[in-house]
Each structure stands twice: as C-alpha cells, then as structure tokens.
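Structures given as structure tokens follow.
The same chain A turns up in both complexes below, where it pairs with chain B and then with chain C.
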Partner chain A sequence: MDVSRRGLMAAAGSAPVLMTVSEALAQGVTPRRGGTLQMMLTPEPPVLQIGVNQQGPTLAAAPKIFQGLITFSPTLEPQPQLAKSWTISPDGKEYIFKLEENVKWHDGRPFTADDAVFSITKFHVELSPRARAIFTLIETCEATDPHTLRIVLKQAFQPFLLMFDPTACAIVAKHLFDGQDYRTAPAVQQLIGTGPFKFTEWQRGNFIRMDRNENYWKPGQPYLDTIIYRIIPDSQSRRLALETGQVLLSQASDIEPFDIPQLRSRPNLTVDTKGWEYFSPLSWIELNHRVKPLDDARVRRAMSMAIDRNFIINRLWFGVGKPATGPVASTTRFYDANAKIAAFNVREANALLDAAGFPRKADGTRFSLKHIPLPYGEIWTRLSEYLRQAMRQIGITLELESTDAGSWARRVGNWEYETTINFVYQFGDPTLGVARTYVSSNIQRVTFTNTGGYSNPRVDALFEEARTTPAAADRARLFSDVQKILVDEVPQIWLTELSFPTIHDKKVHNVITTGLGPSKSFDDVFIAG
Partner chain B sequence: MELSRLPGFLLRRGVKAALVILAIVVCNFFLIHAAPGDPASVIAGQSGAADERFLAQLRQQFGLDQPLYVQLWIYLKGVLTLDLGFSHRQQLPVWTLIAQRLPATLLLTGAAFVLAVTAGVTLGTLAARRVGSWADSIITVIALTFYATPLFWVGLMLVLFFSVWLEWLPSFGMNSVGVELYGIAAMLDVAQHLLLPALTLGLFYLAVYARLTRATMLEVADQDFVKTARAKGVPEGQVVRRHVLRNALLPVITFAGIQAGQLVGGSILVETVFAWPGIGRLAFDALLARDYAVLLGVFFCTSVMVVGFNLMTDLLYAVVDPRVEVEG
Partner chain C sequence: MKDFWRRFSRNRGAVVGLVILLLVCLVAALADVIFPGSPWDMATAPFMPPGEEGMLLGSDSLGRDVAAGIAHGSRISLMVGAVSTVAALAIGVSLGALAGYLGGWVDDAVMRFTEFFQTIPSFVFAILLVAIFTPTIGSVVFAIAVVSWPPVARVVRAEFLSLRSREFVQAAEVLGKSRLAIVVTDILPNALSPIVVLSSLMVASAILLESALSFLGLGDPNLMTWGFLIGSGRSVIRIAWWMSVFPGLAIFLTVLALNLVGEGLSDALNPRLARKRGGAA
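And now, the complex of A and B:
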C-alpha cells in the first residue's frame, strides 16, 4: 500500500468538482442558492428504496437521497462520495476506504463504517442479484475504526470499485434495517439517507418531493431548496410540460427520440446525451439459439450485415447514440476498436445465406421468424418495423407480435421467443455487464442472463480468466480475444450503443458532470440566469 | 312509490348485489391470473439484473408459490372482511393506494358528469324547443362533432389551445406542486387544473345527453297529454318543464346511470393525457406491472360503484315517474 497512490486518488477525485465550479465561472455563472427544480420520472417507480427496487427511475431519483462510497467520472475514474479516499493493495485483494467523518443520516444519527459493512455484507447481498454475484468474493468486510472500512477479497477482482456507486451499492442505515425484513421495513416508505436531499412527500401518480438537507456534509451544498419529480404518464404531455416550462428537466426515456429535433431548436433548452458511460446500455436483436436456423453463425452474420445501423441512429433515434460495433460498448472499459462486426452489405448478406443453404423460395423468401418488439414505447416498435424491412431485403420474413412488458419479461425469461429486442447495461466493465449474456454457465430461465443459449467453451474460458486476472493489461488482452470471437460468431445482433437525452432549461447548471448522468446526487446543481 | 316497500326492496337488491359482486371478484381473479407473466417476472425484467433466487424470493413474498385455489381462498376471505390485500410491489396496503387515488377520480368524473348532464340536458331542451331554427342546427352540429371526435384528440387540442397558445391553464397534473397554497387559493388551483380534463371527459357525454334529450322531448311533445295541457292554458314554460322534460328525462336517467358507473373506470385515457393522479391510472399501471392485488382492488371498487349506481337509478325512476314502482 503506498501513500502516493492514495494522494493521487484523492486528487483525481477532487478535480472534477473544481472543474464544474470553474466551468460555471467560465460561463459567468456562480452557483446560486435556492430554487425548486421540477423534473419528471417515467414510469413511476413502485418503491424508491434502492436495493428493494432497482428500476431505472429509482436509480435516477434515489441517489439524491442515498449515496455510495464513490461515484464515477465520464471516463469511469472513481470519484469520492462517502469515501474521501481509498487504497488498494498491490495484490488487488485488500481495499481500505477512509470515510467522511461529519456525515449524519437524515434522522440525525451519525453515519459510520458499520453502516457501510451492513449495506455491503447484508442488505445488498440479500436483495440485489448484481451485488450478490460480486460480493460473494468478499472474505472479510469490517470497520477497523468508525471511519475506516476494510475489505479483503478471496481473489483479486479488478472491477470491484465499480460496485460502489450509489446505483450499485447505496449505503443504507443499519439502525433502520438490521434485524428486519428489508423489503417491508418501515424505512422503505420513510426513506432515510445521507444525501443532499431529504424525502418529504410522495403523492402517488402525482409527484415526489425532496427538500434540501440543511445538515448535508458538504458545506454550503446543496444549492437547490427543493426537487420535485412530476409523474406524467403520456409522452406528448411530458414534451408539452417541458416546452411550456412547467418542468425544467427531462431525462432517460421521458422524451421520445422523434420529439428531440423540435426540442433542440428551442433556444432556452439544452439537449445533452452524455452521462450514460457507466451504464452504457447496448441494444441488440436477441436471438434464441434453440430456434433453427439461428444456431448457424452464418445466418446470424448475414442478418447483422443486412442492418443499416447509421439509419437506426440518424432516422429513428435522431442522432442520439452510436452504432454498435460489437458486444462491448465503446464507453465501457476494455472496448477493442479493432474487433468490429462486418459492415452493412445487403448483397454479401444474401450471398452468405445462399452459401449457408437457405436459398430463396418461389415467393422470394428464405424462411420466417417471429419477432417481439420491446414493449417500452413507440420508438422500439418503429425499430422493429425497420428491422422487418431490413430482413425482407435478404428474404427473411419477420412476423411481429406485440405484447406488454409483463408478457415480454415472462417470455424472454422462459426462452419462449424466436427473436426480440433487448438492451442491457454494461456497468463499466465486461465482467460486470457483458459476460452474463454469453457465458454458458449463465444460461438461466431469467431475464438478462444468457437467455439466447449461446455456448462456446473458448468464450467461457476467456471471460473466466479475465474475471480473475488482477492486471488491467492482461485483462485487456483477454477481452480483445473474446471480442474478436464474438464479432465473428454474432451470438446476438448488436444494434446501437444507446444514450438518452437529458434535456433541460439553460438556467439549470451542472446537470451532467459524471458518468451517471441524471442519476447523480444533484448536490452541485443550481438554477441561475 | 310506497315508502313501506322500500326496506324490502333494498334488502332484496342488496343480497343480489352482493352475489353479483362476489361473482365478479372470482371472475376477475381468474382473468387476471390468466394473463401471461407475473409480478416477479415484471420486476426482474425491469431491474436490469436477476437470478433464480431473486425470482423465487419475490414469488414467495407475493404468495405466488401457493396453488391458485389457495390464493383465491385467501383473497376471498380478505374481501369478505373488507381487506383488499397488500401490494407487495409498492409495499403498501391496497386500501391505502386506492384511498389516495379515489378522491381525484371522483372529483374528475363527478365534475365531468355534472357538466355533461346539466349542459347536455339544457342544450337538448333548447334545441327541442326551437326545432329547425339556427340555434337547433348549431347545437346539433356541436353535439355531433363532440360525439364523433376521439377523446384523446379533444384532450390534446384543448391543451394546445388553452395551455400552449393562450397559456391560461396548466396542461397536466391536479395541483401546483412546490407552491404553498391554502383555502380558496388551493381550491382555485385545483379547479384550474380540473377544467381541461373534466371538459375532455364530459364533452362526449354532453353530446349524448343533448341528442337524447332533444329526441325524446320531440317525441313527448307530440303526445296527447301535452296537447291537453296546452289546450287548458298551462303556460308554455310549465308545459316544457313539467310535462315534456320530466317525461323525456327517463331515458336520460337510464343512460346517466350507466355512465356514472362507466366514468370511474373509463377515465384512464383522460387521466393519462392530463397526468391526473386517479384510480384509472392506478389500475392501468397495476395491469402492466401485474400487481394483482391492486388491480383486483380497483375492480372491486368499481364494481361496487356500478352496482350502487344501478340501484340509485332504479330509485330515481320512481321519484321522477310515480308510475314506476320499485320491484325486487
């Protein structure tokens, strides 16, 4: 353990804060106290207690109330939050976090390392499948003093720090949960965190209100008095609310992509598509390999080559997002720019299918596949309609069957589909968010596992080795190898690196400053001008 | 109506109503469970990561690991003691959730109902009294337009006009959030928010009542007893009110009874467009999330209301038309 490393980490951590302030100053705007920020939350989450619920809207709103040990910059460098500094032993097994000392829970009790130990070893391990998979690597997790947390791993695990963002492992109060059923504890309705905003009111179907935490541990912050999330179920009503200034900020899927061009042209609004680097959602056509001929790599490659991804980005998503080039998003660590799927080429795709033994029949088609559009809004239906056109060019008939979210999850989870659309978060590292879709040990009857049933021993071995290799350089080599195999075999047909627009009034400042976009704590957000 | 027969009537109808509601509850229960997917798979689908244990934990907590008949029995026992169960998804009792949302829906549908009945009957009467005049033509055209236009489109156009162009009225929500308002100011604030959704919801029914009133009044106006009244010198206003309108109202009441029941469940669209925090939205979200207990709870409440409104309609008949007798 070396001191210089600690110093470096702390310096790296404080830099972005300085940057945002200087950035604001450069625009001639100094942070201003006060004001109410009205935003929207879509769809309304059932519960806001992170851990008990892990849906997108919860992950967006709850980090105003709950915090993690650290958070991440747009390039996925760790930044301090409740941990002011940390050190990692050279063998990559021991992590020591120094925690902020003057932090109080919203109920006035002091925050200590015991809360962190409880959150990591009990709360999230019990509730969250993501945490469960990683935190089983922990050998010891203890509070060596009230403000020092020591974690020893059974084996080195390089992406470990990525698990300490508030969206992955929010720190909750031990005194409110210990010894109770975490899902039904009273604290799940009366949220108590350490964050810059306190939960005050939730009128279901109407709004969620949070008010400034006067005892917040960062002096002078937060700047806002109140944050209000309005619940507006209809996308056109949301757009109107933003246009008329009734709300000042939209995030995630609040605004349909086809409404973005008009909103871009409004002088008082800023459209920012950054801030999705940590999640890096990647969309793809999810193929069920148990359905013939989808088990044939040539067929999958041909289907992939028939898709014009630039068209999808430019004409459907109106420039938000990027064409996917492989299984790893370009914003995720260990992305290999040299491992790319074959380019858009309808003629070659047809030739490939001919060679694979699927000639066109008399009516011009080769075979047909059933397809379930993702039931998450109009844009996904449009995507599936485009894909039907694209597949028709190579003689494949896609039969669209619409469904709702409940049936979709059930059918994908039970492998009762031929093709559908899916998008999956990558969480910064291929071990955390990519491997799960391709390794054969994760073929489960549960959504977001390897539901397609792809299996390749070589891929399994590479992912496994990369998981346990401590050095980043070695992992990079292993991930490059696995990316080369995957872009050749195309187990799923990757479409786009999704991004979601954060659209806000120009008088709202410091909105996107981290790799978690609108999911950040908002303690430095202010309204001025 | 003879008052002495009323208690017996109410008792017989009450027993019938209870049986009907029980049958509805059982049917709803099986219908809902027949939909593919369950709350656990929905949550897993929305959580971005899941494993077998996660699903098993949720199903156990929701009671979904029990056989269906056991689940039905537990639910029926609950309903009989007026306990509508617990929403494990939202971690709140169903009664709490419904109680939070019911006032908003009753306010919206109540306002729309009053608007539709009063304005509709008034316009219909006006049109009938001046058959063939320009006033009649205008009213008929307006009624036909509202009758034929889809609800959501009317809603969007109203918002465009009043919220976006004129900036007079808010485009969504039930009240201003983030400002402290009390007393009259708070009521005015809600009224401002209420106007557009109530209009949207009420216009269709307004058209129906106007057309219905006009048609039946014209029919009644030709009948002998009206001619007799006129012949014996009853003033025209009184003829219209006491002889024509009163008789013409019976079909209107029938329709209003049906509408009152439908309004509660039928406002989902308007609640969605105007982000009105009512029970229709609650039911719709519960359906998408397969939140069985909430959905059954809302169905239960609405079916009780429909049965209640039917009973009230039957009683009203007797009040308006003494020839009608209450019968079990």
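And now, the complex of A and C:
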C-alpha cells in the first residue's frame, strides 16, 4: 500500500460519507482522469433507451448517456444540466430555459432547443404516462432561438420543474426519432445522447459497456475512461463481486438488506443511504376499500396501530430506511411532521376493533383477510409473514396467497385483491407522486393509481387546489390539511420510507451528490487512491 | 406376522429406518407440546446461532425458532407424503388393475395414457400444475399425486397380468364370481407386496417433491414446511448456515428412513428374493 492511498484511507475514514468535488479537493483528493468503474445492474433491462423503458435499472444506467435539462440536489433544489439557467414568470406560467451552447450529440450533430421541444412535446408525451399527465398542461413549447426554450403553461403548476430531470424527461435527438416509431427506431439500440459516456457494447446477460465521451461539453470531464455494468443474477454472487473488488459499486436492490451489516463493517467500503430523496419510495399495505370491513376507517386505524414499524426497519431491513409517519415521505417536499399516524399500540388497536363492532369469536379471531405478498424478492415475503403475525395479535387472520410479478400487477390493476403490499415513488412533490393514490378521479383499473378505491371529496378538493396553486406557502398549508385528514383515515397503511443503500469502494469519489442517487451522469465521478 | 417381523428385523438398516421414522412421527405428534404456539412467531433476535437465547437450532431471519419450524413442518411433510401417496395409489392401482385384468384395447388405451404422463418430466409437470392452480396445500398434494401414479399403474398391471391366468383366478371365474369381486378379493391381495414396498418409496419421493416446490416458493405460504425453511435460508447461508442445514438434515433422515423401511419391507414380503440376494446380512 503506497503512502497516498494510506493518506486517503485515513481521510475518508474520518470524513462524512458524502463528498462533493470541493470537499474532495480540500482533503487533497484531486479528481484523477482515467480508470474503469465496474458496477452492476439488476435485473438486466430489455432496452436502455430511457422513455421506451422506464424501469429502475434503465433509470440508473441511462443517465450516463442521456441528460435532462436540470437535475436535483439532495434537498430537491433544481441544478443546471443541459439548461444552464432558467427564469419563471411571476404568475408561474412561463418558463424560459437557456441551454448550454457547445453540446454535441454522440454522433457529432449539435444539440439545440429543437431537440428539447421534440423530447417534451412528442417523445415523452407518447411514451410515458407520467409525462403525458403533466405535459398536457403545456400550452406552447417553442425554441425562440437555437439555445432558448420557452414553455407556457395553461395554468400555474408549481412542481413543473421536477419533470425535467433525466429520469423524467431525458432529452433525445430529434434527428434520430422524428417521424419514426419511437419504440422501434434504430436509435433505441444505438443510444445516442449528450451525456459524458457513449454506449459501446452490450453482451446480453453479461455486461453493458460505456466509454468516455471525448467531446463532452463540460471541459475536463468525465474523469472515468469506461463504465461497465455487469449483469449478475444471483444476490450472493453480487455480494461476493463487491467484496472481492471485482465491482466497485452496488446500487438499488443489488445487495440484499441482510448482507448490509457485514458490508458496513468492511473498512474499504462506504454504505451510503442518501440519494433517494427525489424518488422517496414509500411502502404500504395496499387495502381494497371495496372489501368489507376495510371500508371502515376504525378498522384501518386499528390495523395500522398493530404494526411495529421499528421492528420492520430494524429486523427486516437491518436499519436501512425509516418508519413511515404518513402518506408523504419525510424527504418529499411539503412533508408535515405534525401529521402522524397513531403510534404502535396493540391494546388500543384491540379496543378500537371491539368498539367498531368486530368482537373476537370463540376461536379468538375477528375476521380474516386475504393478502398477496409483493413478489419482488424474499424480503417482501418476510414482511408479509411479519404482518400476518402482527395482525394475529388483534384477531385478524391474514391468509397469504402466492403470485408471480405479472399476476400481482394484473390483480392489483383489476382490483382483484383484498390486501397486498405496494411501494410507490413520490417524485419530490405530493402532486406528482402522492395524490394519485388517494384522489377519487384517479380510481382506475391500472396499477399505481387509486386502486384501493378510497374516496373523500374533501381530500379531492385539497389535492386539486394544491395542484393549481402557484405559491409554495399556500400549497404547504393545503398539503398539511390533506395529510391531517389522511393520517386520521388511513386509506392505506403506510409502513416504511424505503431507501436503497449505494455501497462503493472508498476510492470511488463523488458517487452520491444529487437527490437522484446513482441515477446521475457520473461526469464528476473519479477513482483515486 | 411373527415371521414377517423376523424377516424384517434381519435387515438392520430397516430397523434403524423404522426407529427414525417413528421418532419423526413422534415429533410431529408432539409438536404442539414441545413448541407451543405458532412456528411463525418471532421468538428472539434474528440470526441467533444454535444454542443461544434458548434456540436449540438457532433462529431465522425474523427471529423465528428453526427447531419449532422443523417440528411443525414435519406434520406438513408427513401429511403431504401420506395423502399424496394414497391419492396416487388410488389412481395407479385402479388404472393398473383395469389394464392388467381386462387386457386388450383397454390395456392399450390405459398404457398409452400412462406413457403420456411418463414422458413429461415429473418435477417440471408438478411445478406447472402448482403454478396454474396457485400454491395451496391442496394443489401441492394434487400435483404430487398426478405426477407419481404412473409407476404404480405399471407395477400393478404387470402383477395382474401374471396373476389373472393363475389357477385360483380361473377357479374363481368358473365358480361364477363377479369380475369386481375377483379383482378385489382374489388378485389384489396377492399383488399387495410390491405395492406396499413401492408406496413407502413414494412417500419419500413425495416429501422430496413437496420440499422442492416449497424451496422454489411454490408451497402453501400459510404453512411451515421443511422446503420453505431451506428456501428462506438459502440466500443467507453465509450468515446463518443453520437455517438450511437442520431442515435439510430432517428431510435427509426422513427420506433415508423411508427408503430403508421400504427395503426392509421388500425383504420381508419377498423372502425368496432376499435369500437370493445373500440373506440380507
């Protein structure tokens, strides 16, 4: 071990986990050019063209190739990416983005505001339901000059900027897609973006390789020569690859929660749970309100009180994540810390059920409910097994039914379930990621809508008003009101604020610097030491 | 009967097998006494090694007692083994008897039907059936019975083919006994010994099949079984070896015991074969 490496280890050991470029410089770690960063991608995505595929693995890898107009800090403040600056008119309707001028697509053609207009008004509107819902608010979207983008909204929409990060609206090349079927265009396989890395090779089932973009618009960046995503289907092999240094970074659900304590104790690895502030996934027991007695708020409240959320976090997730306190995650904007669900109390939960008219029968049970564990891996089965025991304490029998991922989505989408587990991204703002589960206008036969069928006119009105109110302070008041109602009625039984640790070798720097965690461009990531 | 025991006990392995099997049955019968409460209850901290915190065989990833899981799981395993074997015997014996006794086109039809089932790899077929009917204890037993009857049908048919032309059967026919009565009271009792031996082996393979299905997550999610225990321990084997080793040992011992007993039964029921083999120790 040479001297500089030892110095670095000492510095990194005493420093907080997160380091920005300036902090790294202050500690004497100068960004170093060169090196290959090997990571993992689980599961292997079908295509990496963002928009055509919007699943987790694509959102993690594609932002190395494609960029958005802006990105977000861990506190969800907008930061420039392809847009170097922007102004918003006082009435909140007009957005003007000034774009970077020396940006070239990987095929050498210049990037202009036309590409942005195409991406916003055509590409994502056709491909992504999430973008479609928001971008229908646009009245005009035009390029006033090659490097200026002007968007006028039909009505003020305060969370609008949150739609312009690379995972929500990656800017794609107009000349490669316009006039073609976006899903089958040749560019979907060639992947031409403006990002710091160019797509070079994909051996299915083995690895995806990206190489340094020599003509990247940020001078001197990126630092890395090559990024390789290895496809390793078995979780124990993934852990081994990280331990042996074959890969230097793991993300999302690469590593099972029960392996994290062991990895934490390894001196060369950093376990960072930050970087999920934008997505803020919140898990809950999804209740179907059409099934009696789940339409009774007292029953739902009692069920919620019977669950020890600290047990779930500490025993199942090994301390990664936070107990949920309500419908809005604490990392999402407009979270109200005063609106909290009732605390864990089995005795009161039992009393509540007695009072609601569900006395215990001779065998000690009150009623039974069917429950579909989330088929996304072992940890979710364990969670349902815990919940079954927790419900038993208040006389409710949970009968578990096994399904595969496809049938789970179909059954939840068709309302053919009694209870199940779900987790949903919040996208930084309650209008974008929270309202969809509770407003009655979104009761649809589609997953991740209000599939539970909860309906409360007051909640509908508050969410609708918050959606169109331009001032943040007014929205905060409205969202506080709605959170107070929801924690009282418990339409879904919120369990935990999930977070997925990013584990990396300490010689990899600047990994988590945004609110999008590993879904960032990696242009400032370097290996030193 | 005394003769039978003498011949059975001459095979020492069979006696050991019988003792293990009785022990397993005892544990199954007394599971509620030794480990009161549900095996799903979280009794202690997760990943406690064997011997700590009063956990004889350690605790699993939720702090559940592995020993309680094995004890309660033995009930399901034995029950699945027994019920699915009875069901498979019912199908196999009736079809085999029909084919062997009636012969002719009935024999042809039944045997082609049996071959159809035999050409499908049985485990893949079982997975398919359970996946279609959603995993419950009923569908698991059904799937195991459906994939394990063909060998029974073939053995019974062979026995019936050789027995139906014997003098005592002809005598019964001449006496005017009904066909059903001949099959049930004359031929079947004489064909019983291979069926008994076969069924002890079928119980063993049914237990293995159920465990394999549970291991793949296709067991009844509401029942604690050995396969489930191993399946849930597989991914944490580097942290908690005891979660997979002890249930695995339970399956190994039970299946071994059933096989030994099966061999002992074969010796006891076919004394001539046993003697030819060299007197079975």
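Just so we're on the same page, the second predicted complex is superposed on the first by the 510 of 529 C-alpha atoms of A that agree within 3 Å, B and C clash if a C-alpha of one lies under 4 Å from a C-alpha of the other, contacts with A are read in each partner's own complex, and residues count from 1 in each chain.
Rule of thumb we're sticking to: a contact is a pair of C-beta atoms (placed from the backbone, for glycine too) under 8 Å apart; a residue touches a chain by one contact, two chains touch by 3 or more.
Everything quoted here is computed from the prediction, not taken from an experiment.
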| item | value |
| --- | --- |
| Combined model on chain A where chain B meets chain C, clash or fit | fit |
| Which of chain B and chain C A:Arg333 touches, first, second, both or neither | neither |
| First, second, both or neither for A:Gln236, with chain B first and chain C second | both |
| Which of chain B and chain C A:Gln262 touches, first, second, both or neither | second |
| Which of chain B and chain C A:Gln55 touches, first, second, both or neither | first |
| Touched partner set for A:Phe207, first chain B, second chain C, both or neither | first |
| First (chain B), second (chain C), both or neither touched by A:Pro129 | first |
| Partner chain(s) touched by A:Val47 [first = chain B, second = chain C, both, neither] | first |
| Chain A residues touched by each partner, larger count belonging to chain B or chain C | B |
| Touched partner set for A:Lys198, first chain B, second chain C, both or neither | neither |
| Shortest span in Å between Cα atoms of chain B and of chain C, once chain A is used as the common reference | 7 |
| Chain B and chain C contact sites that coincide on chain A, given as residue numbers | 236, 403-404 |
| Sites on chain A touched by chain B in the complex | 36, 38, 43-44, 46-47, 52-56, 128-130, 132-133, 183-184, 188-189, 203-207, 209, 226, 228, 230-234, 236-237, 240-241, 243-244, 246, 403-413, 424-425, 436, 444-449 |
| Residue numbers on chain B that touch chain A, as the complex places them | 35-38, 41-55, 61, 87-92, 97, 100-101, 104, 156, 159, 163-164, 167, 170-175, 177-178, 271-278, 281-282, 285, 288-291 |
| Residue ranges of chain A in contact with chain C within the complex | 235-236, 256, 258-259, 262, 315-316, 373, 378, 381-382, 384-386, 388-389, 392, 399-404 |
| Interface residues, chain C side, partner chain A - complex | 38, 40-42, 45-47, 61-63, 131, 134-135, 217-218, 221-222, 232, 235-239 |
